[in-house]
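One chain, subunit A, appears in both complexes that follow, with subunit B as partner in the first and subunit C in the second.
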Partner chain A sequence: MTSTTTPVRARALRGALRTVGRIASTIWSNPRARIGVVLLAIFILAATFAPWLAPYGASQDGFERSAGGSAAHWLGTTAAGEDVLSQIIWGARVSVFVGFAAGAIATVIAVLIGLSWGYSRGFGGEVVGFIVNLFLVIPGLPLMIVIASYLQNGGIAMIIAVIVVTGWAWGARVLRSQTQTLRSRDFVTAARFAGDSSFRIIFREILPNMTSLITGAFFGAATAAILAEAGLEFLGLGDPTTVSWGTMLFWAQNSNALLTGQWLLLFAPGLCIALLATSLTLINFGVDGISNPRLREGKGR
Partner chain B sequence: MTYALRKLGMLLLTLWAAVTLNFFLPRLMPGSPADAAIAKLSQNGPVSAATRAAIEAQLGVPGGNLLEQYVHYLQQVVTLDFGVSFTFYPEKVSDLVLTALPYTVVLVGIVTVLAFVIGTLIGVLAAWKRGTWMDTLPTLGGSFLSAFPYFWIALLLLFFAGYVGHLFPTSGASSPTAVPEFSLSFIGDLIYHAALPALTILITSLGGWILGMRNAMINTLGDDYVTFAEANGLRGRTVALKYAARNAILPNLTGFGLALGGVVGGSILVEQVYGYPGIGYLLYNAVVNQDYPLMQALFLMITVSVLIANFLVDILYGVLDPRTRR
Partner chain C sequence: MTTNTTPGQVDEQPILRVENLTVEYRSEGFEPVAAVKNVSFTLRRGEFIGLVGESGSGKSTLGFALTRLAKPPATIVDGKILFHGSDIRTLDAEELRKQRRGGFAMVLQSGMNALNPVRTIRKHFHDIFRAHGHVEPGSFNARASELVRKVELPETVLDRFPGELSGGMRQRVSIALALSLEPELLVFDEPTTALDVLVQHAVMDTIRQLQASEGFTAILISHDLGIVLESTERVLVMHDGVVVEDGPSHQILDDPQAEYTRMLLSHYADPRAEEIHIPGFSTRGRSADAARAERATTSPRSDARAARRADASIVVEGASKVYAPPRRGEKPVVAVDNVSFTLAPGESLALVGQSGSGKSTIARLVTGAEKPSSGLVRFGDSNLASLRRRELRDLRKNVQMVFQDPYAALNPLHTVEYTLMRPILNFTERRGEAARERMLELLETVGLTPAETFAAKLPHQLSGGQRQRVVIARALASDPQVLVADEPVSMLDVSLRAGVLGLLEDLREQWGVSMLYITHDLLSARLVTDRMMVLNAGRVVESGPTADVLRNPSDEYTIRLLDAVPNPARAREGR
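Moving on to the complex of A and B:
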């Protein structure tokens, strides 16, 4: 038994690795996407090695309050006497984690719904379509704010859940239209005549043809998640005791950093959010090139 | 005509679904939002039976008959009777919402149309001059700008143009001494106060339009009829604007309705930073004070506005593209 399945598995694994390699090299061949990959790597490294990189603890206080930049505190201190640079480095953990976790969960839901919805041709498809369109047009942030306000101070898990609830619909719609064009192709018809189950056709035959779209949907969802997380925490809807870029801006505004003139405290967290989100957008430039050769770099029209 | 009727039917169906979602949202939440709301309201004095009924219809009574509540709730929505706010006691929720609505509608409306026009033009130029700095600068800048958190741009502009530069007022929609009247000086005062919020929304929403139009335009530029037009020796500008851009603008317009939801969401954060008395600032106040009746009414109002705007874009799309009317 094992002697026959192992080579099959190995081949499937090698095939998957080759797909990942092909995506990675197409992304890397795009100069814009390359900048994005480097930026993202910096943030992931900062998040991983925060305990070694940060000069002080995330909520270690007792320093001079509301100080400007100095040799001891490069980016100054907060109104509670914490080191801003250390908080920036520690805060990377929350943004990177929420972005990837919420992006991944939203993408999995989008794949499940988008593919089965695109493959089915019945009344059920119409109902699912209506629900997806409803979630697309309902403004996401207000919905998140309302849900988060009922679940008072739920912390990071609550924020991820709220982002996923509002963030899966876009990917589902993109994947659905691609599934619709693929479902009438010959290889799908052949699989159907061979007696494969719908489940197998959707996830073994159609899914591998959409890796680039799924990658794109993931980076899109992760970008939206990072911005949404920061927005919710800025409004004070997360757990304000967590150290993240969003809560840093929340405390900066609440401690009147605008009046005391601490522009570094306002500037640094927002710039990090913007750079992290930009890195994912830039990577998506390269991902666009996988599915649409017209958008590839290098040659003009 | 059937196209418009079909879209109208779709609008009514989505409106009903949004209203129903708004009904179930507080009822699905842990705890009892209605009890919390009534407890808060009773701090201001005795709660009248009518107010209690209004809040319970909106937020739910534990163990009550769901169907009865739903009918009562629909009546409430149609008559715009959402009870009393306890943050701004004893103001009625509907009055508060209607006072704040024009600020947001005018601000977001004007800025969104501006951003669409400017962004689309830059996108056309970027695709036409593909590979040169006129392409690289707007696309890189655009993707960077659209990744900016709304509230961060708002904070920076407020800090540098408001507190440090003293170029613009730091909060409010008009000067404290201004008299609301239909005069040039009062309108000028309103514009002066709306300048920074408008600039913030413009900066953050521009990027999406540039990128969308550029990509759509690059696709049409690869089509045969564009090559044919060029081979015929037509001037570059004629090919770009009359052949390629006209067809590329349609897919970009579909994004308009969806982008609007994002802009409305972003404007909540912007209004909070600038203390601009629109829907978003009111929603922020409702959330901070756990003023659930006000919050539910505002969420409903925001959703309905976006749905109606989407419907109008759909109708416009049908007028512009005869193929969709089939």
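Moving on to the complex of A and C:
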């Protein structure tokens, strides 16, 4: 068995690679999604190569305070005498990281709960349903604020945790309804007749047919996470010593940047948050074709 | 064009003239595909013609083009469609809308689902009257009642919602709605395909009578040559976008010119006939019934696969299945009522009836998917109602299912290889290369060669018939003793049916599996089964050897089913 499984494994690996390649090429083939991918790539590159791209350190101060744009400081300096452009570039790290990490964790939880909830019939489903509904009816922002102020100054990990706790329920609900429609399809019944276990049916038969929905849920959750992260930090609920777009807004507000005419201090991080969220939304346009091979080949029956 | 015209009509302008029409499907980044190629024909006023072809022949594309309902990516690239002498391609949206009244209308296959579920039938009529203003507001109700009566529905349906009507009634309503615009040309696109056999027959009768009494010109698009030949005066046969034959119905029946028409016709036979010859079946030469009788009496042949022969029977004793009432206060639904039968090893039994007769519920009882409300279902020694999870798995190994819809029964994202490997790994001891060899062997058994090529394909790269073969291969993978086949060919084109049926029959002979064949199609039941049970409203109304039941039916319901079978030969009788 050991020797013969190798080609089977290799085939499985090749299959997985093919799936990833397929998703990528499907998204790329949609013009709107392509713009989103380019935008997102710019942010990711900026975040990755921040030490080389940023003209100064993130918290490097000592420059002239609250200065306007100049050749040395393109976007000016903050009230504490830090370079705004450098902060924007360094700040991308936190936003991108929190967005993807919180989005991914929330999606994984949503998939696990949504699929098993949708597939099972019986009392267990009712219990899960009650819990999910509970999370859905609690207003998200107040809950976030309550949890965040309770876990004072937990840093990025705390923010991710807060976003995940408040963000998974909606995805679980959506995935559950799709699972319920797929559950009664003939090919699922056929898999049961082929002797497959429920676990395998859920993750090998049903889940791959929801790739577009899950990818969509992920980008949606990531967008929400980026906005929530900025919101929490703007309210001062994060760790104000880290440099992120949210804390930049927080400090800009604290130093009355608008009153002093330094609108760039609010505008630049705000625009970046909006652009990052937009890029993910644009990518979501390209996700639709993933689950439907027929759609992709463009030869409808 | 060799249509016989009566002297008075010779100079009359044709109502519709199609000249060199070519329709292409154009999608970005792909080569355009021509669905209709250079088609020309004319249609006289009051004529009722049929348009026949298998899926992909371009018949619906043509129908949509004629009524200007073709949407991108379908594009008319060449040719003219002259309706009363003016080219409808040049109409703008408003002219087109006006043309819908007194011009041309279409009744769709899914027309019965085109009704708005939250509006009563009466409101649907009023909407149309108001939009076109051709009925005085005072006489809306009178006109609606009149139209509904024309399609043989009681006036009470006007105050019902679409969801409260059966499929046949809804299709009648949509025909009445099309008629309300007093069209001169009415295109029916598979108007009865989604309906049940008996209903189908009744709706076709109504369409025929209406055409005769109202005198509109009609085109009936269908995949079923039987229905078209018995309904229409003239038939166009389409194949690959080309009209391969155009002639009077009786001429097509008696003296088909095109090879393709001959092929289509060869797949029709009267299930009551003494001997039946269908391509793919006649290869076995002698009368299939005689062969079966012989097989039933002699002991199983000892061939290489004898080890796989079925040895356990399915026994159903007085089984009933009652479902809870759909709404509070209503009566519970009796799906199966006191049914008893035995499916002996190696035997093939047909369960026949229209939908709602309980035949699919019996399939679920036999496969252990549901438990009977009362009575007993046994496989061998085990009572299916008391199986534990583990035992249910063993049952699945022995009782496998062939699904109705090959498009739904295969996961679109898994290769044929993956689909077939699952039951092999789950139910047999084979692993690794041995399992793969078995998978390839199965593909060869169902006639998908070269097996290596087919193993790597995804379902959407296969045709309907090929998919159904994969479904059958999967059912065979666990070496089952019983196959439950639920309408295995009803979704397939006529020309593919015989192949799949022949495969089922061969497998049964070679492998000795017993088969429960569920169908409403009496001809296919005649071809592949030894015994037959006719079900009506959950009860067995008649049972016996298939040929006997079909040739000498004793129950009135069986006779009605037999009469509803589309029969091209009726074209000869004249209407």
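In the analysis below, the second predicted complex is superposed on the first by the 285 of 301 C-alpha atoms of A that agree within 3 Å, B and C clash if a C-alpha of one lies under 4 Å from a C-alpha of the other, contacts with A are read in each partner's own complex, and residues count from 1 in each chain.
By definition in this document, a contact is a pair of C-beta atoms (placed from the backbone, for glycine too) under 8 Å apart; a residue touches a chain by one contact, two chains touch by 3 or more.
Note that the structure is predicted; figures quoted are calculated from it, not measured.
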*Looking at the overlay, does A:D186 come into contact with subunit B only (first), subunit C only (second), both, or neither?*
second
*Should A:L136 be classified as contacting the first partner (subunit B), the second (subunit C), both, or neither?*
first
*Partner chain in contact with A:L227 - subunit B first, subunit C second, else both or neither*: first
*Look at the residues of subunit A and decide whether subunit B or subunit C touches more of them.*
B
*Does the superposition put A:L249 against subunit B (first), subunit C (second), both, or neither?*
first
*Regarding the shared-chain residue A:F49, is it in contact with subunit B (first), subunit C (second), both, or neither?*
neither
*asked:* Contacts for A:E205 in the overlay, against subunit B (first) and subunit C (second): which applies, first, second, both or neither?
replied: second
*Indicate the residue numbers of subunit A shared between its subunit B interface and its subunit C interface, in ascending order.*
292, 294, 301
*Name, in rising order, each residue of subunit A that touches subunit B in their complex.*
32, 130, 133-134, 136-143, 145-147, 149-152, 223, 227, 230-231, 234-237, 249, 252-253, 258-259, 261, 263, 266-267, 269-271, 273-275, 277-278, 280-282, 285, 288, 292, 294-295, 300-301
_Contact footprint of subunit A on subunit B as seen in their complex_ = 13-14, 17-18, 21, 25-26, 29-31, 33, 130-131, 139-140, 143-144, 146-152, 155-156, 158-160, 163-164, 215, 218-219, 221-222, 257-258, 261-262, 264-266, 268-269, 272-273, 283-284, 287-288, 290, 292, 295-296, 298-299, 302-303, 306-307, 310
_Touch list for subunit A against partner subunit C, complex_ = 1, 3-5, 7-8, 185-187, 189-196, 204-205, 208-209, 291-294, 297-299, 301
*How about subunit C: which of its residues touch subunit A in the complex?*
27-30, 33, 55, 367, 369, 393, 396-397, 400-401, 403-405, 408-414, 419, 422-423, 426-427, 431-433, 458, 460, 471, 474-475, 477-478
